[in-house]
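Can you read through this structure? Questions will come right after.
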Amino acid sequence: MVTLIPGDVTVGGVRLQNHCILAAGVLGTTGASLARMLQSGAGGVVTKSIGPEPKEGHHGPCVAVLDGAVMNAMGLPNPSKEFTGELDGLRGKPVIASIFGGTPEEFGEVADWFAGRVQALELNLSCPHAEGYGAAVGADPDMVEQCTRMAKHTGLPVWVKLTPNVTDITEIGLAAERGGADAIVAVNTVKAMRISTHFRRPMLGNGMGGLSGPAIFPVAVRCVWELYESCEIPIIGCGGVSSADNVVEMMMAGASAVEIGSAVVDDVAIFRQISENLYRQDGGECPENIVGCAHA
Amino acid sequence: MVTLIPGDVTVGGVRLQNHCILAAGVLGTTGASLARMLQSGAGGVVTKSIGPEPKEGHHGPCVAVLDGAVMNAMGLPNPSKEFTGELDGLRGKPVIASIFGGTPEEFGEVADWFAGRVQALELNLSCPHAEGYGAAVGADPDMVEQCTRMAKHTGLPVWVKLTPNVTDITEIGLAAERGGADAIVAVNTVKAMRISTHFRRPMLGNGMGGLSGPAIFPVAVRCVWELYESCEIPIIGCGGVSSADNVVEMMMAGASAVEIGSAVVDDVAIFRQISENLYRQDGGECPENIVGCAHA
Amino acid sequence: MHEIPSVPVTITDIIEESPSIRTFVFSRRFPAEPGHFCMVWVPGTDEIPMGFCAQNAITVQKVGDATETLFTLSRGDEIGIKGPLGNGFSPTGKTLAVGGGVGAVPLRLLATSGAADDFILGARTAADLLYREELSRCTNLQCATDDGTYGHHGFVTDLLRTADPAMYDTICVCGPEVMMKAVLAILIDAGCPEKGQFSLHRYMKCGVGICGSCCIDPTGLRVCRDGPVFTGDILENSELGAYARDASGRRKSF
Amino acid sequence: MHEIPSVPVTITDIIEESPSIRTFVFSRRFPAEPGHFCMVWVPGTDEIPMGFCAQNAITVQKVGDATETLFTLSRGDEIGIKGPLGNGFSPTGKTLAVGGGVGAVPLRLLATSGAADDFILGARTAADLLYREELSRCTNLQCATDDGTYGHHGFVTDLLRTADPAMYDTICVCGPEVMMKAVLAILIDAGCPEKGQFSLHRYMKCGVGICGSCCIDPTGLRVCRDGPVFTGDILENSELGAYARDASGRRKSF
């Protein structure tokens, strides 16, 4: 297996403890949980997506664990501005605040709350199951560009998280780049649905949901590959990563780092596990030589 | 488990022996293979996609079997017009010819070869890995409408097979409907890539490929659901179906029948197997009551 | 990653424990051990966490939307059960159970499995003392009611104080947050918080350890997966009894 | 649906069998039985089917792009092996192997596994008689060359006719299509086509039974999955020896 030389990495303006970041919305509702994930080996952590108003989220079932995949429709539950208090114990740590809004102005408003409290912002322009938010905004290149620009006013590095549920993801990636993004995160969940044949209704309370986990890994690798071919800014691969080899594969497709979410269902110690297999002082390769190397 | 009353079904102008149809490009290169699949219990069969010129397809590897998924980049290999000879032994059988082209005119030309030889045409407007064909055409509603209209000139029923790799699949479904389609087939493969970390290059000769099999089932169910909400013509569900319960789930999402491809990797007798579990003379429900029932 | 299905079950019996508490017995047994819970899918309404009071039953207090819908169901109706989930109790040696209100639910399975020697059961009033007869058959049961209508007039903590925690190897606790906080204080006083195994309730959206809505301060542990049962030493100086987060993640004081 | 990986192997040895035929030995053994094949990934070029001549080796005749690239490889270079694939031979009782040209490849594993009593090996000329010495050690070997440079001057079918098919329970055959067709004709004449087990070659794109490019007429059976080995009775009145389809699916006569 390909292994990497261990060490800090800086991606999209954030100094990370390693290449594996906790993905948004997964164990990111409280400061304590984020701190725990950092202690358990995450190289950085992204918070639950925070929006302009508190939201309770969709009715349950919110999550269905399938064979080789997770499907969720949380509905962006979040405490809004109050969440900033969760970050008090995390000053200086590699924490990235995920934020969302329905308009560039809302993005700007929420972004401001986090100035000075986190290392970067991640714009959730990609949640596939929240009316008027997420992918509803993120499928439109102009909106993506404007939202990015608004968030940049904070002075914080801005990562833009893309939805794979578009005809051409590179168009959206280029829009983020034009807006001044420091990195692209690819991808959020794939729009999906399962139906309980017994109950004759969708398995999730919301009907539609987002697919994550191993099932979408080939889709995420493809998106990273396409973005690497067309964008200049660093890419953070996300979707279905669950092993050190998956991390390497994402990097070879063009990712400078990865985010990991669903894999915590199998084991909350996934970050430590992956690091143990991913890094070798002896025999490890220089990460820079791995990023995008499959494009050669 | 929900079971159905057995019996012939007519969908999109074609009388099928049961609800499960062999999907395009899977064991559909020769007449003998199509006949074999009909004998092994397929309710109907779709041919390999046939285009205006013979094509050898992409270099290998063309197929990668993954955990819970298949990834392929065949590159639409086909003998073109010569293929019509394969159908000589299949007159009157529920055979649907899959065709493709780069323009509406090419679709019209290829469609004409099949008049009188098959029960319907399926337009491949959705293959994600063939430059200038398939999804390259099928992501554009106008093109879809025109290609459908051209194929309709044959007088044959026309099924339009959609790609899930678009921002809004209902737009494309509505375009097919406007063009006069008799049914929509949803969906073709999901654009994907895997990389061999050992060889540092994509696993498929073509780089990009299309994902099929169980991994995409939740995506296909979602597409069928969305189309059922917006289109009037029947929908044929395709993507990851591998059990009788999957068939019922697709139908509850809105499919009047299903196509099955990748599941033959596990067992070429999959059609017989599914039928044995799907149909019950006693206790089976009327299929019409199942189609779309989860939308209630 | 393997499927965690929501298994459809048919309600075979409904036992009215009190006007606002019912036990729903269903058609299928789950391999639940004491302290395990399930996510109950009430189709069309919500999915909510409930302890197993038996391998084929849950006991539900009507408090809101989903529990109200549950109360409209009759024998023959169906719900979905996802579970068993969580870590459960791990009693060793002489074991005391301390339950208050619907907190008795997971302790019932502990008692019927023979793991609880003694049981202290509390409620507001006599009619709310859950499973009283059954528990008295399989444990040495003491009761307390706030209004004195049955047993000790006062709180379970009064009985616990006289019982001497030092006598037990394990003390399994479930009940209202203030009660659990008080029990923990007693154990801390007695110098043995680690003997206490507290089954916590927090807002749960997924139940499988992915969403983070049920995490507690300051450890960040997930009640649904690392819990719901935590030993007292882990809960010392925690949010227990002070606050909990609601569906949106905002803190609400008790 | 489980992964069918293309396993990277290192070439540890290259044996020049003839100017256009080489055996590549690799670093890893696969659980291949006689008649199994693999898809060989020549990174950057193609993936092509090759029989296993041993559990850790293939023998390749240079005929085009991918095989030419294989010939440029040296010890230490790597290829991907997906397999074992296909059904393989299933010899019972007294067994004869009949191989022509590179058709000897899968029969070698049959012979070295001890399953072949007698072996008829044919080639154009002496230098092309594959594995001659090795086969003579583990079977009763007879050779035929078209040009008479070694053994019988003529075809393997001449030797087969004198050998009397009736003496054998199984006759495993692999070689050029015309040869196999001729062998089948002999077996049909002798009234025992079902004794013949023929390993076929057809254009293979997937190797795992999904694409349909290797299907034969009139049965529609897949050479890659239902085969590559078929008994003679199944091949009677088939396309064998008459035509095969190319990469596009067009029929080409032999």
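Every chain is named by a letter (A, B, C and D) in the order it is written, and numbering of its residues begins at 1.
Assume a contact is a pair of C-beta atoms (placed from the backbone, for glycine too) under 8 Å apart; a residue touches a chain by one contact, two chains touch by 3 or more.
Heads up on the chains, UniProt names are A, B = Dihydroorotate dehydrogenase; C, D = Dihydroorotate dehydrogenase electron transfer subunit.
Predicted model, so just to flag it, every value in this text is computed and none were measured.
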Chains touching both chain A and chain D: B
Centroid spacing, where centroids are CA-atom means, of chain A and chain B in whole angstrom: 33
Approximate Å spacing (C-alpha centroids) for the pair chain B, chain C: 51
Chain C-chain D separation of Cα centroids, rounded to whole Å: 67
Geometric centre distance via CA averages, chain C-chain A, whole Å: 35
Contacts with two or more other chains, residues of chain A listed in rising order: 66-69, 198, 201, 214
Chain contact topology (line, ring, star, complete or other): line
Touching pairs - complete list by chain label: A-B, A-C, B-D
For the chain A and chain B complex, residues of the former touching the latter: 1-2, 66-69, 71, 139, 165-167, 190-195, 197-198, 200-202, 207-208, 211, 214-219, 221-222, 225, 245, 248-249, 252-253, 293-294, 296
Chain D contact footprint on chain B (complex, rising order): 25-37, 48, 54-57, 59-70, 72, 74, 77-80, 82-83, 196, 198-199, 201, 203, 205, 213-214, 242, 261-266, 268
Parts of chain D lying in touch with chain B, wherever the complex brings them together: 1-4, 6, 8, 39, 41, 43-48, 78, 80, 82, 205-213, 215-222, 225-226, 245-251
